[in-house]
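Here is the structure we will look at, set down as structure tokens.
By written order: A, B, C, D, E, F and G. Residues from 1 in each chain.
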Amino acid sequence: MTTIGLFNYWIVFVLMMSGLYIVIVSTNLIKKIIGLNIFQTSVFILYISIGKVSGGTAPILVDGITLYSNPLPHVLILTAIVVGVATTALGLAIVVRIHSAFNSIDEEEIYTTSD
Amino acid sequence: MISAHLPALQVVIPLLAAPACVVVRQSTLTWLLALLVSWISFAIALTLLVQTFFNGPMSYELGGWAAPLGIEYAVDVVNAFVLVIVSGVSSVVLISAKESIERETHIKRTHLVYTGWLLCLTGLLGITITGDVFNVFVFLEIASLSSYLLVSLGPDRRALTAAFQYLVMGTIGATFILIGVGLLYMMTGTLNMADLAQRIPGVAQTTTVRAGFAFLVLGISLKAAVFPLHYWLPNAYTFAPSAVTAFMAGSATKVSIYLLLRFFFDIFSETFSLRTMRLDLILLILGVIAIFSMSLVAIYQSNVKRMLAYSSVAQVGYMVIGISLATTTGLTAGIVHLFNHALMKCALFLALGCIVFRLNSVDLKDLAGVGRRMPWTMAAFVIGGLSLIGVPATVGFISKWYLVLAALERDWWWLAFMVVASSLLAVIYIWRVVETAYFKTGPVANTEEAPLILLVPTWVLIVANIYFGVSAVDTISFATRAADQLLSTF
Amino acid sequence: MSVEGALLLTVLLPLLGAILIALSDSRPNIRETITLATAVVLFLIVLQLLGHDTGSIELVIATPLPQLSLSLYTEPLGLLFATVASGLWIITSIYSIGYMRGNNEQNQTRFYVFFAISISATMGVALSANLFTLFVFYEILTLSTYPLVTHKGTEEAKQGGRVYLGLLLSTSIGFLLVAMVWTWHVAGHLDFTVGGILQDKIDPGFLPLLLALYLFGIGKAALMPFHRWLPAAMVAPTPVSALLHAVAVVKAGVFAVLKVTVYIFGLDFLHNTGANKWLMWMAAITVILASVVALTKDNLKARLAYSTVSQLGYIVLGAMLVNSMAIVGGGMHIATHALGKITLFFCAGAIYVATHKTNISEMDGLGRSMPVTYTAMLIGSLSIIGLPLTGGLWSKWYLALGAVAAEQWAMLAVFMVSSLLNVAYLLIIPIRGFFFSQPRSGETSVIKEAPFASVLALSLTALGCIAMFFFAQPLYEMMVDIFER
Amino acid sequence: MNVVIDIVSAVCLIGGSAFVVIGGIGLIRMPDFFTRLHAAGVCETLGAWLVLLGLLLQAGWSMVSVKLIMIFLMLAITGPTATHALAKSALHGGVKPKHLDDN
Amino acid sequence: MIVIYVITALAIILGMFFAMGRGVSGPTLYDRVLAVNAFGGMTVLMIAVLGFLMSRPDFLDIALVYALINFIGTIAVLKFFEYQDLGKRSSFSETPK
Amino acid sequence: MEAIVDFALLAGLAAWAVAIVRLRSLFGAAMLFGIYSLHCALIFVVLDAVDVAFTEAAVGAGISTVLILGTLAITGIKLEVRHTRALIPLLITGTIGAALIYASVDMPLVGDPNAPANLHIVPDYIEGSATEIGIPNVVTSVLASYRGYDTLGEVTVIFTAGVGVLCLLGRGKPKRSRKPRG
Amino acid sequence: MEHHIVLRVVAKLLIPVILLFALYVQFHGDYGPGGGFQAGVIFGAGLILYALIFGLQTIKKVVTPSFVHYMSGVGLLLYAGVGVISLFKGGNYLDYSFLSADPVHGQHLGILLIELGVGITVAFVMVSLFYAFAGYRQADLKVPPDTGHEATEKARDAVLEREPQ
């Protein structure tokens, strides 16, 4: 795996920035949520890449294997994934309510109608 | 035996009460339960504060695993002080929450509101007490999610957009914190705060740690609404139900400021975060801009709640200035302002809650003549406002005193004058309200005074405002101890 | 009664009175009885404090910060101020009962409540044992007089109130607070100490700056250019103007200036460093300029207001001369000016109640219809000018002696010139009242004296002005006492 | 024996992957929805089955092979069902098959 | 054998890119769903192959979950279409005939 | 050899992300997001994080997508996504991206067994899981025992989301008793 | 989906398998990938599939909304309760070693219980999320926009309170 070098991290940065870009640039609330998810997912890959050990395998103990990847980032990311889906669910629920209140899920439309 | 487990119980009791609320499902009962639990955690927080003040820091190993392996609760004067603020604010505000929330929102399942409230309390307490950076993230999310929910319950439909905006900004902030924690973990291999503090100096020169630090600061600043990352706060505070605004104003940003302190002074050393990264300068400039620009913006608001929200951003500026000075007095000023601002803003928002209860509006034009119809409410508002201005014999004065003192200790005259000058801007926006309420006549002729259950918590806080303004020796000694402890690295 | 108890009571009694007044809402007789009774009892308590000549006794109420307590003590200058204020409160109360009833004002209960609170704050200012306590009560005084200034609730009143509050709060928080924190920072405490607390602790180069912070910070002393609030507050009812000018507010300001000069800086220290020089000139300019402005005002109350600005300049100037004679003069001027000015305001109010006239040019010949009022006004004017047979002579005398002692001949000239200006703008009013002929107007209504309570009050103060001339000795001794302890 | 199994499974895997790629190309190139559906079917049936068979040969008799068979069953049941539902739904939703005489 | 696995894996990835092309270009909503469905099938295979490639084939449970989720996802989308286009207000609550 | 697969998968993922950024169809974005999550899970498998892959597949591709679809079902699907002006967002993301590239200069390489993160506490976990807890799946033992408190927090988070959604979207039974007029 | 006979048949076949598989993932989490969270999601997905194919009202008869809300609280209570029990047994919060005489056995027991708690909460929260989203159909209920004014708010409540038959 040493040949990978920092490639994983660079891809992570690309994903991170695409996600953030969607969040900022899109006026559609659902698209924003999708962007947030991509942003968070990139962080997951960052963590998992930290925990990768070349030549190691998944951290489930088996006789005969001594080199395992780092389980701690996995644990952290399990938690983070759950946090992510919780945020998504709540965000979408708010979007649904916004839709029924403003009859739109476009940020610019909402701000022009509500003022 | 029980005293050894207090740190765990501090968080676990509200955490247990939250699902219990869902099981109980009866509005009044859940409110009573929430109230009881909140007061219990307030009592625990006070006990912890006293214990840590006299016996030094406490540590609690959750799951019985020693620190770097497991998660540790580390209580010292700094976070015990914040625990007291958070649980105290929650306890007082909850008294009025029932009437206020049922009046303002149209939720049928009010028990879920109290569940959300308890979860928010759990999250805030959890962030404060923990000694593990990832645990901070988890509890931050509990607090954030429940506060998005609480904000979205506001009476106006714009509460929903405010909550969404808050959710997006808050999630970006939390993810930044997660990135920061990840980068630190990458370089040190640990998540425990004390362990991090030991291992960071070895890798402090790497670009990764510096970037991690930057991400953490950005993320926490977003949560703390440090200028210019305050974008979400005015909307969220304006449209949330009044009781929620009072709770959040008194606790949420305070906890984030605490985190900032913890990261600046304990995990990274003061020299790294303030001198090497030049944050002292950046924070100072941002703080000064914040106190002026946000106070000016507040002056031009027609909605009183929004006005106070902008004022909150300005007040965060004072705390940031205190931190950036990085002297004992400066930090004391920052920490004591944490407490004092919680007292005054919470009282002001509760007073606004009383007004909303009767008038269904906090627009300045609708407040005309309310001073005559609701004398107690407006009297509370005026005293709270005076505290915000920094009139002596109120808590606001104590904060200002220490901030000016800290500036003078560094011989920064200009800063001392800026601090006092900006507090004069508060005179203008508070007095706009006072004049409208007392000297204009409006269509509020048949309005009555707010019910007692709303007035009592407001006045409890107002009395606290005066009490801790007249006798600040205790708060100052706690804050000074906390500042000293933060400045002496592990 | 122990001295400590009496000290506490001076502050608490008016507050208690305020609460009782608030409770007796809509029963005017009870309300006014309480007001008067409180005033009288307070005066008696202060007199009792005066009697105790046991040196200074300190009473700590609270300790907000380490080395910073809220405490009261007895001290000659403060006792003098307390006596004047509490004594004049009785008279002002009598007068305001007449005035408020005569004018059928709104919100009378609120008026009396805040009046009592402001007296409480004044007592606090007078008896404060340190600068912090003084500051606290000073701010309470500002805030509690704000509703009095805006009493009428009109747009004009609100505007006046805004200027009043804005200037007083911004100077006190903007300058005085910084000056105080600075002092605390260098000296470690803020207790009033004979000889000052700053000696050898501060770089003399900074001293003029600190002194300026104090003098401009104490906005109630109305040193130009921060005097605008005083004319602006003229929109208030006359009893309030009396309270502002004679009893409480401006007197609290100059009192604070004297206290700071004597007990924080110390006269010798100031004298040796010469930090007082340019501020002395500021005060002199205020004296002359305000007198000139007063000449141009036709509105009686506005003229009196500028007169006050000018007279306050005397006291600040006295303080800036930094010798004991000038301080004694300044202290005495607090008392004599209080009596004189309150008489004038009472007269202005009485004229307003009787005729609803506010401009001097309309008052020609009124003296014949209202002889008592106009006689009192004559006496008051004489006292302010400083002519014999009135108390004003003595205070001006000592101020002038102070200027001589300091060898500031220019200042002596300032005193002389401004006294002449006083004659020009004050004495003209009774002269016009007595000797000019009343303009023929269509109305045939006969002008009579103001209600009895008002006339009684102004007669009492006018008599006080004369009494002060004959019994100035105790006053002088009290003041000299400051420097002999 | 091992070599034989290896060769057979390699052939299966390569063949399966060929079908997957071919299906993928079909997914891109086919002219309308229903023909594309057909192309996707190639991936899900032949491609998937061959790959799984190849792996099954490698796994031998173990828990792994049981799971592989489970996956096979799962794909065999869900794949066509999903395709069927999709086609029906599309037809309902107004997507018309493209006839030769249309162009 | 490893080489064969890698080749298979890469072939599947190639197939994925094709599916992705369809997913991006559409043109109808059904094409997108089809792309997802096809992609899901390929993912299942991919996981299975990866297990062997990394010589820990005992994690095939994941592949099973994928197949499952893929199916449920597709059904959900179809349900969604039915509801959207037919606009039946009780299409979620219709009792089976 | 695994590296090649990792390489190809990550490149694909980046392509997905860019496609989602550029796509104007909201429904298309939602679908692509489902695919994106599945793809992510594949990468987790390659990086040895089987538990995470399991979860990501179930959550990202399953629950999240279903929820987004459910929302779309309510708000309508034929939505085009509008974008605001791109200059400032590009500036922000560019700055943060630059910061991250700067951060990567000193990062340990991916898979380095001697990276600090893989040396400090982890050996204790792997050993402890076998001896102190007796469970072969180290992830489970860390998740449930060593850092069990985090997991409690995690469950609380999901519970919070449940409460929140219920509060926002749930409808109570009509309470006739509380509305005398109705 | 009343016309989809194929789907209904397949679903009837699949759903028990899915639920069984969920239980497998739940209790096999100690030895392989999986655990309470994944199991909960799969269990929830099984129920959601049922709801998708047989309709929301059908499943609400079996798994009532109030039961779902109740259980989502119970799971969390179970988790936190294990911690409290270990507290009472003399250990720190969540110290499973005290649950049984043998620490290793105690750990096993603790992990089993808390994973169960996680599974229950996650499964039922997932279902309740689905209920909330699928059940929220204001489009055909003609809800007046949520303007915050009291009058329209009442009308809105009136519409929203109407349960679909």
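Remarks
By definition in this document, a contact is a pair of C-beta atoms (placed from the backbone, for glycine too) under 8 Å apart; a residue touches a chain by one contact, two chains touch by 3 or more.
Just so we're clear, the structure is a prediction, and the values are computed from it rather than from any experiment.
Note on connectivity: the fewest steps through touching chains from chain C to chain D is 3. For the remaining chains after leaving out chain B, touch-based grouping gives A, D, E, F, G | C. Of all chain pairs, the one linked by the largest number of contacting C-beta pairs is A-F. Closest to the middle of the protein, by Cα centroid, lies chain B.
Farthest chain from chain C (centres taken as the mean of C-alpha atoms): D. Averaged C-alpha coordinates give centres for chain B and chain F that are 29 Å from one another.
Between chain B and chain C, the centres computed from C-alpha atoms are 44 Å apart. As a whole-number value, the distance joining the C-alpha centres of chain A and chain C reads 70 Å.
Averaged C-alpha coordinates give centres for chain E and chain G that are 24 Å from one another. For chain C, no residue reaches two or more other chains under the stated contact definition.
Of all residues in chain D, those that touch two or more other chains are 78, 81, 85. Residue positions 2, 48, 50-51, 53-55, 58-59, 62-63, 66-67, 70-72, 74, 100, 104, 107, 115, 117-118, 121-122, 125, 136-137, 139, 143, 145, 147-154, 156-162, 164-166, 168-172 of chain F each touch two or more of the other chains.
Under the contact rule defined at the top, the touching pairs of chains are A-B, A-E, A-F, A-G, B-C, B-F, B-G, D-E, D-G, E-F, E-G, F-G.
Contact residues of chain B toward chain A in the complex are 134, 137-138, 141, 145, 148-149, 152, 157-158, 160-161, 163-164, 167-168, 171-172, 174-175, 178-179, 182, 185-186, 191.
Across the complex, chain A meets chain E through its residues 57-58, 60. Contacts from chain C toward chain B in the complex involve residues 62-66, 70, 132, 135-136, 139-140, 143, 147, 150, 153, 157-158, 161-162, 165-166, 169-170, 173-174, 177-178, 181-182, 184-185. Chain G makes touch with chain E in their complex at residues 1-2, 7-8, 14, 18, 21, 24-25, 28, 32-34, 38, 42, 45, 48-49, 51-58, 134-135, 137, 140, 164.
Those residues of chain F that touch chain B in the complex are listed here as 99-100, 102-108, 115-122, 124-125, 128, 145-150, 152-154, 156-157, 159-161, 163-164, 166-168, 170-172, 175.
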